[in-house]
Amino acid sequence: MVTPKKMLKYLYLPNLFGTERTKEILHVNPTVIPQREEATNVRTVVYSYNAANIDEHEPKRVESCFRFKDDNRINWINIDGLRKSDVESMASHFGIHALLVEDILSINQRPKMDEVEGVMFCLLNMLYYNEEKRTVETEQISIILGKDFVISFQEDEARDVFNPLRARLKLSNTKIRQRSADYLCYSMLDLIVDNYYLVMEKLGDRIEALEEEIVRNSNTRSLAKINQLKKEMIVLKRNIAPVRDLIGGIIRSESDLLEDRTTKYFKDVYDHIVQAYDLSENYRDMMLSMQDVYINNVNLKTNEVMKVMAIVTCLLAPATVIGGIFGMNFDKIPYLHNQYGFWIAVSIMLIIPIWMITVFRRRGWF
Amino acid sequence: MVTPKKMLKYLYLPNLFGTERTKEILHVNPTVIPQREEATNVRTVVYSYNAANIDEHEPKRVESCFRFKDDNRINWINIDGLRKSDVESMASHFGIHALLVEDILSINQRPKMDEVEGVMFCLLNMLYYNEEKRTVETEQISIILGKDFVISFQEDEARDVFNPLRARLKLSNTKIRQRSADYLCYSMLDLIVDNYYLVMEKLGDRIEALEEEIVRNSNTRSLAKINQLKKEMIVLKRNIAPVRDLIGGIIRSESDLLEDRTTKYFKDVYDHIVQAYDLSENYRDMMLSMQDVYINNVNLKTNEVMKVMAIVTCLLAPATVIGGIFGMNFDKIPYLHNQYGFWIAVSIMLIIPIWMITVFRRRGWF
Amino acid sequence: MVTPKKMLKYLYLPNLFGTERTKEILHVNPTVIPQREEATNVRTVVYSYNAANIDEHEPKRVESCFRFKDDNRINWINIDGLRKSDVESMASHFGIHALLVEDILSINQRPKMDEVEGVMFCLLNMLYYNEEKRTVETEQISIILGKDFVISFQEDEARDVFNPLRARLKLSNTKIRQRSADYLCYSMLDLIVDNYYLVMEKLGDRIEALEEEIVRNSNTRSLAKINQLKKEMIVLKRNIAPVRDLIGGIIRSESDLLEDRTTKYFKDVYDHIVQAYDLSENYRDMMLSMQDVYINNVNLKTNEVMKVMAIVTCLLAPATVIGGIFGMNFDKIPYLHNQYGFWIAVSIMLIIPIWMITVFRRRGWF
Amino acid sequence: MVTPKKMLKYLYLPNLFGTERTKEILHVNPTVIPQREEATNVRTVVYSYNAANIDEHEPKRVESCFRFKDDNRINWINIDGLRKSDVESMASHFGIHALLVEDILSINQRPKMDEVEGVMFCLLNMLYYNEEKRTVETEQISIILGKDFVISFQEDEARDVFNPLRARLKLSNTKIRQRSADYLCYSMLDLIVDNYYLVMEKLGDRIEALEEEIVRNSNTRSLAKINQLKKEMIVLKRNIAPVRDLIGGIIRSESDLLEDRTTKYFKDVYDHIVQAYDLSENYRDMMLSMQDVYINNVNLKTNEVMKVMAIVTCLLAPATVIGGIFGMNFDKIPYLHNQYGFWIAVSIMLIIPIWMITVFRRRGWF
Amino acid sequence: MVTPKKMLKYLYLPNLFGTERTKEILHVNPTVIPQREEATNVRTVVYSYNAANIDEHEPKRVESCFRFKDDNRINWINIDGLRKSDVESMASHFGIHALLVEDILSINQRPKMDEVEGVMFCLLNMLYYNEEKRTVETEQISIILGKDFVISFQEDEARDVFNPLRARLKLSNTKIRQRSADYLCYSMLDLIVDNYYLVMEKLGDRIEALEEEIVRNSNTRSLAKINQLKKEMIVLKRNIAPVRDLIGGIIRSESDLLEDRTTKYFKDVYDHIVQAYDLSENYRDMMLSMQDVYINNVNLKTNEVMKVMAIVTCLLAPATVIGGIFGMNFDKIPYLHNQYGFWIAVSIMLIIPIWMITVFRRRGWF
């Protein structure tokens, strides 16, 4: 009944339930700054553009970006890899408040926006779906919008979501080239939020696959998988809900950094993030339904087995009794010496269960 | 116990649970524009009217509608079938912002309203109930209210909910002919919301039928059907809740496009959509109750079977023991040589279960 | 075990669960006007009064009420039975907006208030408890408060809740005779809300009776009854919650139709409706607790039966084994030829279950 | 198994579940005034004081209090026992609105505050814990704060919570003697709210005792007790939640009756009532956890019994089979004539269950 | 089956469920002042500093601190140990309102902030995690921010969370030395909130460990532990939720005591406390999932045992019947005298269960 392979499954279960993942999700502490490791590799890319032309620079040292301040062009300085000294020197040159530096360097910070001393600061996470581990991964990004410049700090050099933006920047007739820095900031937020949908689609695929699995064959792993998914939903919601406030905050801020005509673009992003939030609620409802189906299926299956066993046992009980009756050693037992006695007894043994089956069937018991 | 027919049922189950429907509901991504296929067939109908007379035009090309702008009549331009170029040329001629064009062309957009550069924009879904698939289908409609014109974009040429409106338009003494474009816009929203009730009625019929089925005979398919219905409820709620905000937004907008005397009509639509929302909440409560009844019935049924089996087994156990006692091969067993010994033993075998039944009955166990 | 009477119960169940009632509750569609049947019988009663005297008229035709407009007395025109033509002619004479006419004639409308063109309009339901069907019945009433007049439209001639008001009106020294029309309107709303408590008391009696029944003897019908009550609660809540908004709306309206000194009376009604709402929440909590008790009792009962059966079966199993042992046909079986062998075997058959009972008891298993 | 004593318990159950208590809690109808019985005994006590001295009067008739109006001292007129005529004569002399008279005389009124024609009116309940019946009892108190006077109406002469206040009043150097009537009103509310904590402490003790009982030995009465406690929680919450609004209302009222320097004292009471509300939420959570523990324990217990029974039955089944095998009457059965045949058979009967136990144990099944 | 060690476990259970802890959590009464015991040991430490230098004093008597008022330096007076006379003398000298004195001396007070007569008052709890008892412990701290001074009252001399602050104070070039008293107050709140994360991390570790335990081997203690953790969550939430309001209140207060440039620091603390609140919600969700897993595992385990037992019993039943058939004493039983009769019977006894196993396996029943 329990094969070695099955035993292995039980050993494998803790892994499936992902207690390590629990650790990752629960261990959030935005207050401890020194935890962040210094990036070994920092890559700085500057796009300096106006409606007419665009230059791409890749300075070796962060300090080389200082000259892009106030050069009457729009500059996007994107820094991949966080090093305390870099962030601080950038901050002091571009007039970014010390507290924001702390935020940029912090880990597991809650998405937030703030307007401090003439710059607008947004901190949020880009989400990626790790196909292998089946987890939602986050990469923190800080976007600082100043007059004519946008500085963005990312954690990981290897990936981001801005490639479509880079492509569009290089085309001269795009709206992004004609507008000022706030439109660049909008485009970045838009791409980040759009990417949330890609992650949600992957999760949607998993919900769907899991639903089919549960409906077909609910097993012990199913609940484990539901719980795994629930954890990823926590990550999702933890990122989406505050981004809604973040973008709402930008719209309400009435900052001088934002042109009137850009507001409606931010409203568009806001609509998307609200819808993403609604969708994540739908996901949750779907998973609760799935859990109900799972429990129902497990119960039905066990009940079916138990029922069949009880019925078989019950059907054979009369035969045992009859066998016992004619196995008694009384001197005088009717039919004992009759030629067909045995066959009569066996017939009764068969007739009773058949009658019982008929009765049970009529009652709809199986 | 499990007939081939029953096996078939199990194979049919995944379908019943509708994982494809899950896919449709979960895969919402308003950010990806290029997914929309270009309509092969576009049908444009223009109603140009004032209090005195009404003309109906059906131009071949969208561009032919341009002349209806600022002709001192009220024009309703209804375009069935979305083609990117059409929408864009209409937008540029009628002064509709580029972002709205994106919204019009988007798929699975959340219902929303916006007032941009002198036009009021409403995007929402018409709902239809597909009797065959038993699903709620949506058709996106964009309504643009400008000064003296209403432009509406629909996805599907084959169906809409505006026929009563068309009939009323053709009558000269109707309120709609005496009023301006905002009243036309109100009439459209009113018909869309009214149609929600038709869809809800169909769902209500299914809830009712399902309730009766569950009460009569709860089976494995019942939970599947409850879950199916729950999914349709998600579609319903996803459309009703934001439409409430949409119409509330129109009322609060204080737009110049809306005459004071039309406001109370919009309030009337608002009352209807609020009530629709309340009703959908009632539906949800009803279905939760149904799920309780289902689980209760399934448990009662299994318990009843198990109870009867246990009782039968239990009643026959004493007989087995007595049979065993008199089947032992001891030399001296009382009554063994008695003439009525056998009958005494059999009587005891009968008396004990009868006594047990009496006791059990008195305890109310069956 | 299942007597014909019991079978009847199962057939009766669907009725008990009340799927027809579900239909009534779910089929709400305020948008379809033509559904309302024209009343065959219309009864109009006019109370025309001032502080000094009061006249009661019962005109045959609705049009005969027109003369009561602006006669410098306060007039309460109560019309029982809704006929489209009547409502429209009244509306056109007393300056009531066409949309309100639609509301008055609508069915299953959500309670609402509105102030349109100098009249205040309240639409709500009077609730009655039908002792026979055990349902909450509603009768729609529209109250129109104008300068010096109140017009009320009721559906059903046979009943209303205003008799105490009529009695008070006929007394000359009552406050209602000294005050203007807004006080009359307050008195009507007050009586309607007070009547809600009578309905709630009846429901409270049923909850109480049901609780006692469940505690005494939970059976299949209990859950059916809980679900029935839940449905009536939906009716109750659907009427109470929006009436709260309605009266709150009157208080906030700052209408010229309301004298300052009447406001505190409306606040009093508001307190009552808020309390009614709280009470309905308590009812809901109570019923959830009852459902828990029911499920607990059903489980306990089944478990008890199963336990006893299992114990009996288990206690008899050793005796069967011993019977089997001494029933074997080996040549040499100890004690077989002993004079007391049989009695020893039977004693063991008795001693083992007694010992088992002792052990089980010590463990607290029964 | 079911002793007469146990039967008694079942009879006693309905009482335990307290359906009479349900009646008391559910039958709330604030609209019916005539229900209140006239108090047979009315006791009026007047404290007339200023910073310099204090007089205590106990007039026989309520009308004797009239002279305390406007005597340039602060007067606290406390009337125990409600008689319609008394309340009305007090109201007319002290300028209290007729609607407030109705409120004072009403039963089961929701706590509320109002400022009407220059007096501030608070209606709330004092709570007492009845150790015997284990219920929360309420006594309605109406406090009317006017310029230089406080009138309080209580239902029950026998008890109130103001003794500490009376003691402090008699001391000349207390703050209460130096301040005006609003401070007296604050002191009264403060004592009432403080008393809520005493009641909550008693309930807390019961929760605690019940938790211990459930953990030690969950039985049928446990759920009954949880439900009893839940009902008392309804009483508690029904009183605490609106008192929060009441005191919040006083703070926001900006009444002339309240000195600025007294506001912070009311804020203090507000903090206490908010905390009481939070605490009552904690109680609720605790009880939900308790219910989970109860259900878990009941299930574990039943499952354990069933498991042991099933195991015993299962362990004995092979012995029955072996007994049957060697009890067959075939001519040639091996070992039948062997000297040790019997012992071999019995050994197998023992060895198989022992082997089964070993296997089951290894699987962790008992 | 139930060893003495197991019996011990049952006795130990109540302790595990921690009813004493329930007592501690439920017995909250902020209104009873006299309960607080006078501290036997009071330790006062004063840091008197400006940008240039810092002095540390440890006066024997509280009254020695009076001279630090208005000495044109910033003074932090930290008093460990609460004695009524000390608090009152400090209050009267530093102009702290009598009500605040009450708050400082109260026990189990809800976190709150208030601005009274020119000082800002914050009362909250420092949290510690007691590794041994596995509970969250609280220590009440009152912080009074005045012009140029901060007074803090702590309950317990042995511990606080301010050591990093003390270290930073001693360094002359830190921001804290350059700023005024509001920055000191911010730093204290920041450290308190940061410490909440440490406590939450410990709880997170326990949730994680418990999840692993439940997944590996759910036993009776698991639910006890979940309930224990839930209680600590109540303590956590009770402290975090009002601190959010507290800090929000400081930000909104627009007090003269707060410099504009300090506001953003308070906003930073606010972000942290909001995130702590979100995290505690995640903890709660996680624990609800864990409870589901636990119940599922317990059920699966019991069901598995029951299933195996039922299957074994069921498989052996046919053999019993066959044994009975050939054990009957009829004269003519086929095969009885056949040489291989016995072996045929035994073969049938084996073949039937093997066939049954095949069928059951095909059905997926084990």
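Each chain carries a letter (A, B, C, D and E) given by its place in the written order, and its residues are counted from 1.
Here is the rule we use: a contact is a pair of C-beta atoms (placed from the backbone, for glycine too) under 8 Å apart; a residue touches a chain by one contact, two chains touch by 3 or more.
Everything numeric in this text was worked out from a predicted model, so none of it was measured.
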Same residues or different residues: which describes how chain D and chain E meet, taking over half shared numbers as same?
-> different
Rounded to the nearest 5 degrees, what is the angle of the rotation that puts chain B onto chain C, matching CA atoms?
-> 70
Mean-CA-position distance for chain C and chain A (Å) = 43
Chain centre separation in whole Å, for chain D relative to chain C (CA means) | 26
Which positions in chain D touch two or more other chains at once?
-> 306, 308, 310, 313, 317, 320, 323-324, 327-329, 333
Over in the complex, which chain A residues touch chain B? Could you list them?
-> 190, 193-194, 197-198, 200-201, 204, 207-208, 211-212, 215-216, 264-265, 267-268, 271-272, 274-275, 278-279, 282-283, 285-286, 289, 292-293, 296, 299-300, 303, 306-308, 310-311, 313-314, 317-318, 320-321, 323-325, 327-334, 356, 365-366
Residue ranges of chain E in contact with chain D within the complex = 1, 13-14, 17, 19, 22-23, 25-32, 97, 99, 102-103, 109-110, 112, 114, 116, 220, 223-224, 227, 230-231, 234, 238, 291, 295, 298, 302, 304-306, 308-310, 312-313, 316-317, 319-320, 322-324, 326-329, 333, 335-339, 341-342, 345-346, 349
